[in-house]
Amino acid sequence: MNFASDNAAPVAQPILDAIVRADAGYALGYGADDWTKGVERRLSDVFEREVAAFLVPTGTAANALALAHVAPPWGVVFCHAESHIAIDECGAPEFFGGGLKLAGLPGGAGKIAPDTLKSALAFYGGHSPHQMLAAALSITQATEAGTIYRAEEIAALCAMAHARSLNVHMDGARFANALVRLNATPAQLTWQAGIDALSFGATKGGAMAAEAVVIFDPARAASFAERRKRGGHLLSKHRFLAAQFAAYLDGDLWLDLARHANIMADRLARELAATDLPPLWPVEANLVFVALPRALDAKLKAAGASYYVRSSEALCLPADTVLARLVTSFATQNEDIERFVNLCK
Amino acid sequence: MNFASDNAAPVAQPILDAIVRADAGYALGYGADDWTKGVERRLSDVFEREVAAFLVPTGTAANALALAHVAPPWGVVFCHAESHIAIDECGAPEFFGGGLKLAGLPGGAGKIAPDTLKSALAFYGGHSPHQMLAAALSITQATEAGTIYRAEEIAALCAMAHARSLNVHMDGARFANALVRLNATPAQLTWQAGIDALSFGATKGGAMAAEAVVIFDPARAASFAERRKRGGHLLSKHRFLAAQFAAYLDGDLWLDLARHANIMADRLARELAATDLPPLWPVEANLVFVALPRALDAKLKAAGASYYVRSSEALCLPADTVLARLVTSFATQNEDIERFVNLCK
Amino acid sequence: MNFASDNAAPVAQPILDAIVRADAGYALGYGADDWTKGVERRLSDVFEREVAAFLVPTGTAANALALAHVAPPWGVVFCHAESHIAIDECGAPEFFGGGLKLAGLPGGAGKIAPDTLKSALAFYGGHSPHQMLAAALSITQATEAGTIYRAEEIAALCAMAHARSLNVHMDGARFANALVRLNATPAQLTWQAGIDALSFGATKGGAMAAEAVVIFDPARAASFAERRKRGGHLLSKHRFLAAQFAAYLDGDLWLDLARHANIMADRLARELAATDLPPLWPVEANLVFVALPRALDAKLKAAGASYYVRSSEALCLPADTVLARLVTSFATQNEDIERFVNLCK
Amino acid sequence: MNFASDNAAPVAQPILDAIVRADAGYALGYGADDWTKGVERRLSDVFEREVAAFLVPTGTAANALALAHVAPPWGVVFCHAESHIAIDECGAPEFFGGGLKLAGLPGGAGKIAPDTLKSALAFYGGHSPHQMLAAALSITQATEAGTIYRAEEIAALCAMAHARSLNVHMDGARFANALVRLNATPAQLTWQAGIDALSFGATKGGAMAAEAVVIFDPARAASFAERRKRGGHLLSKHRFLAAQFAAYLDGDLWLDLARHANIMADRLARELAATDLPPLWPVEANLVFVALPRALDAKLKAAGASYYVRSSEALCLPADTVLARLVTSFATQNEDIERFVNLCK
């Protein structure tokens, strides 16, 4: 009954197999190998356009490097107040960004509403050089609340941002979960809607440690290689990073794994709702948030269930309950759900 | 005939096996797993004292984080002018260190002589706050020239540094190669000689992507966890990093792998010397530098040999030769050497 | 009728005279002169304890250097959401602080309430190393809203901060205005209440360009000299900076100038209130905020009145009004006020 | 007999007068005043082209901001090994530049020879992204050794730098001294020779604290205002900074003051040479370097002479001598020189 995080899961077998297969003979280091070239080509195929892509081992690295690339040190990056970059990366975006500011915006169910962005843009209205420069918007897809931006929602935010010359970044640690839910193409949810740079996660989806920063206009990728290297994020035996990402994409494995995780979340939510524990936010990806009575929380923990209890300012929970975040993954089994739900009955 | 780099080699089989074995069931992320705890304990055993250890995926990350930890942003770090941190990490130490300065010192065979350090310390003699503060010394063991500092040489440099309140860091990307050559214990070549922090490399030695920053006085490790996290170097599925390092240490695998690499380098050097291609620097680790006639260089390349040609200000090579750096590794085979040497005859 | 800012005022005559007097003969640069030594001594007298003091030319420099000194790059500094450091310094604290985060807290009348700080501290509750470290609190005295923290209010916030090992900084750009209003000693409003570091402003009070960073425990001032120098804030002809600050303190000039500014603000507020334009916040320093009908705003501007119109999320103003910020200074004359008020009638 | 530094001198009377005159009435802060607009216009006249100019209070600020503007954080800035930016600014360029590297080049008499730059460029030959990027060249005019680059020397260095896409910065703390010596126009020694950005010093020349960063192509000045502000270098009562610079330029005061300083240096050098103390480097600006016997050094100090003793790796001085740096300024009097020289006889 492990619902702690999708990164508590192991590595998906086809990805592990690819690592083992890559362990043969010599290969030039630092990305000058064939696996890397193959992945780069493959990513252009996935997004139906030429893109620049840079592999890194962690999502924090992907986000921080991408944000530093699209905003100057005197820039403000608008993001959700409870987004990963704002509260879970120990200031990595500020560090890589040379002191940029993350302006956390409120928003129900983990999403930023257009009017909220509009107000924020109005506040950063050009009182230069005293005020920092409104420079970028970062949205998370799927969000930390397990919800999803529709293509038209993304397009609306991007249009508003671009009208003020902001770049738009997407934290796609759970990009696959959003894609399969919406039955959309990668292109539709990113550059076709206006996204400039994507942190494309594979780790939570089933890889060991593999993320890609995708810059949709290759002409704007200049110096990203230097950024990555001086951040210590250019792996020497790079083929093993590339092999992971290649296997993740091969035969749409990434979409299959995400689909499974979503189905598990749907089932978990449905069955919990049937026991009077309805989800607090729409379950659109692989996260289910419920208000657990404290006694039940204790019982579940005692029975070996693993999950995190979070706080949220946006929610007003009943007394004597805790906000439980239940995360499913490619590895979640029906039995885990059954056992968990039975304990809740 | 691949002598390009020890990171062109694959992953040693026992380490790959350990990764595969670790891929079972759930484990808490970010280092809260049992593999990580085991490695941390194990490193204290290896160094015969309680140490603080932090795993990261790259040597550049290890070096940059360690240097930022032992020197303030207004500090000068003395290092060899041709050291990896000075010329091959795209400014990572300066970036992580908030603008610190690397002062590259000259020195034959990749080593810093005590008198050279003495002069440098005299130059940074306290013209505060105009001059930057002499803050740290970083030495490389084994050096980029394939040579090795003896324990007493390290102790002499450390004593001089500590007398001026500098911290001393060791870049141990090839620490194992030095150890087995000197038949010394890890403790003797580090903290017992005065080293304060070590970048303990496993990647070049046979791991996939695993390095450890070892801080010998655990009381001085405060905030290192935050540094690593904001650098994007805290892996989520951390067990796979720990599993690599554990396998590297298990049964002295690391020393066996390094011994093999050293033996291959010895043989390569000996046989090249027999063909009138003597090594330019003492061969003490797994690197052999020779002056190759250009015609021979072309012939070797044409025959498929892979190695890098370097430049060095410290050497005055004969005309029509190039400085070839030949790196052996745990994976180097006798046949590679035979074929290479035969081509040189 | 210039109410734009206290920095639109000229230099107070005694301070200008001191500059002229200092322009005689040679003096060692960079603070090794007698003027500087005198000011440093004098500041210890003013605060009734030995302090470490560092002069700089701007308030932004003072704030940014002080915050960088009391919080690590992975630290969070709590401040009022509308404070100068948060919205008017183009990210200087983040820059000097190596990427630290300013967490803007809400609060009526420019002040942070203890409960607000308590919630913020609870949110930053130690989810290390993912979350940034709660590291410092910065309060503004007098506030941007023209209000003042009482000694006991400061003490309450400091106690709460210190209990969590936070340092407390005070932005005292208008410190004198607060002092004379409360009839308190400098010691009472700072270190005796728990303040660790103060940006002690003189520029807004009548100097040309002179601020002091005062660190109340001299043992904690180590390396501040380096910080100032590498920030480019150590003036070479330092005597002219010191002469300004000395003249500001001499014979309690600073308190006299602030008293005048406060009296002018009181009168302005009283007379505007009598014309049905009551102040929106208590007038406790030299700032008066009123909701001006747009027509009156236009009329005043046309008549030559100079002041800024601000926005505030904390206020809900009547339709067709603007939030006018009226700042008085040592230079404000009764006639300015009369003319302005007459136009408002 | 004060030859310690040109910043040990007071403020030139016309500049002090201008400060006093500016102290009348109100003026908008932060450079929105008429004095500032006037200086900006005036600087375009001085350089015979439209320029972007930004006033700051210190030379360190000017240099660090300018270098950060012309080189990325992963860039190398070539400079003389004994230049002010390399050894006397406590890492300000590295700090403002986000971790850029200063590569100190050797060179006789404080100057960088074209061949030296050529070698340095060859070393930074594009081993990207491992090596930092050759990004800028900074030369000092007049140099720290009191020598001067001729227009054609500047042009040669700039051509070499531009051919590799480097920007060229000139540290002109003593720009006026060079100009009057060469009888050249400001344009000839800067942009017409290829300089991209200039730190135009007035402080050493006679101002209180006033420097200008001049960017010759205004289209490349975007965001410099933000850089200055977040560095804490935008003065609020900006008119007093502008008034200094305006007075410095008015009626060619700056050239007259520099001419006087140069004449004093010439006389000092000539008369010392006549007492067997010849200058060690050509005396082309306002600095004279001589090897003083230690006994004479002691005698001079005892008699009240003030000057600094320096070290230089480029010189091999006779035993029992010290390298004395004697700096003249606009304030140096003939009597000072007479007395000093008499003591040397």
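Chains: A, B, C and D, in written order; residue numbering restarts at 1 for each.
Heads up, the rule we're going with is that a residue touches a chain if its C-beta (ideal position, glycine included) is under 8 Å from a C-beta of that chain, and two chains touch if they have at least 3 such contacts.
In this text, all values refer to a predicted model and were calculated from it rather than measured experimentally.
Visitor: Which other chains touch chain B while also touching chain C?
Guide: Intersection of chain B and chain C contact lists gives A, D.
Visitor: Any chance you could check whether A-D or A-B wins on number of contacting C-beta pairs?
Guide: A-B
Visitor: Greatest Cα-centroid separation from chain B: which chain?
Guide: C
Visitor: Centroid of chain B to centroid of chain D, CA atoms only: how many Å?
Guide: It comes to 41 Å between the two C-alpha centres.
Visitor: In whole angstrom, how far does the Cα centroid of chain A sit from the Cα centroid of chain D?
Guide: Measuring from centre to centre gives 50 Å for this pair.
Visitor: Determine the centre-to-centre distance between chain A and chain B, using the mean Cα coordinates as centres, and give it in whole Å.
Guide: Roughly 34 Å, centre to centre.
Visitor: Where in chain A do residues touch at least two different other chains?
Guide: 30, 73-74, 89-91, 95, 98-99, 129-130, 132, 226, 229-230, 234
Visitor: Taking the touch rule as given, give the residues of chain D at its contact with chain A in the complex, in rising order.
Guide: 30, 72-74, 98-99, 128-130, 132-133, 223, 225-230, 234
Visitor: Quick check on the complex: what are the chain D residues that touch chain B?
Guide: Spelled out, the residues of chain D in touch with chain B are 73-74, 87-91, 94-95, 97-102, 123, 127, 129-132, 311.
Visitor: Within their complex, state which residues of chain D touch chain C.
Guide: Contacts found on chain D: 2, 4-5, 7-11, 16, 19-20, 22-30, 56-62, 64-65, 89-92, 95-96, 203-204, 208-209, 226, 229-237, 240-241, 306, 331.
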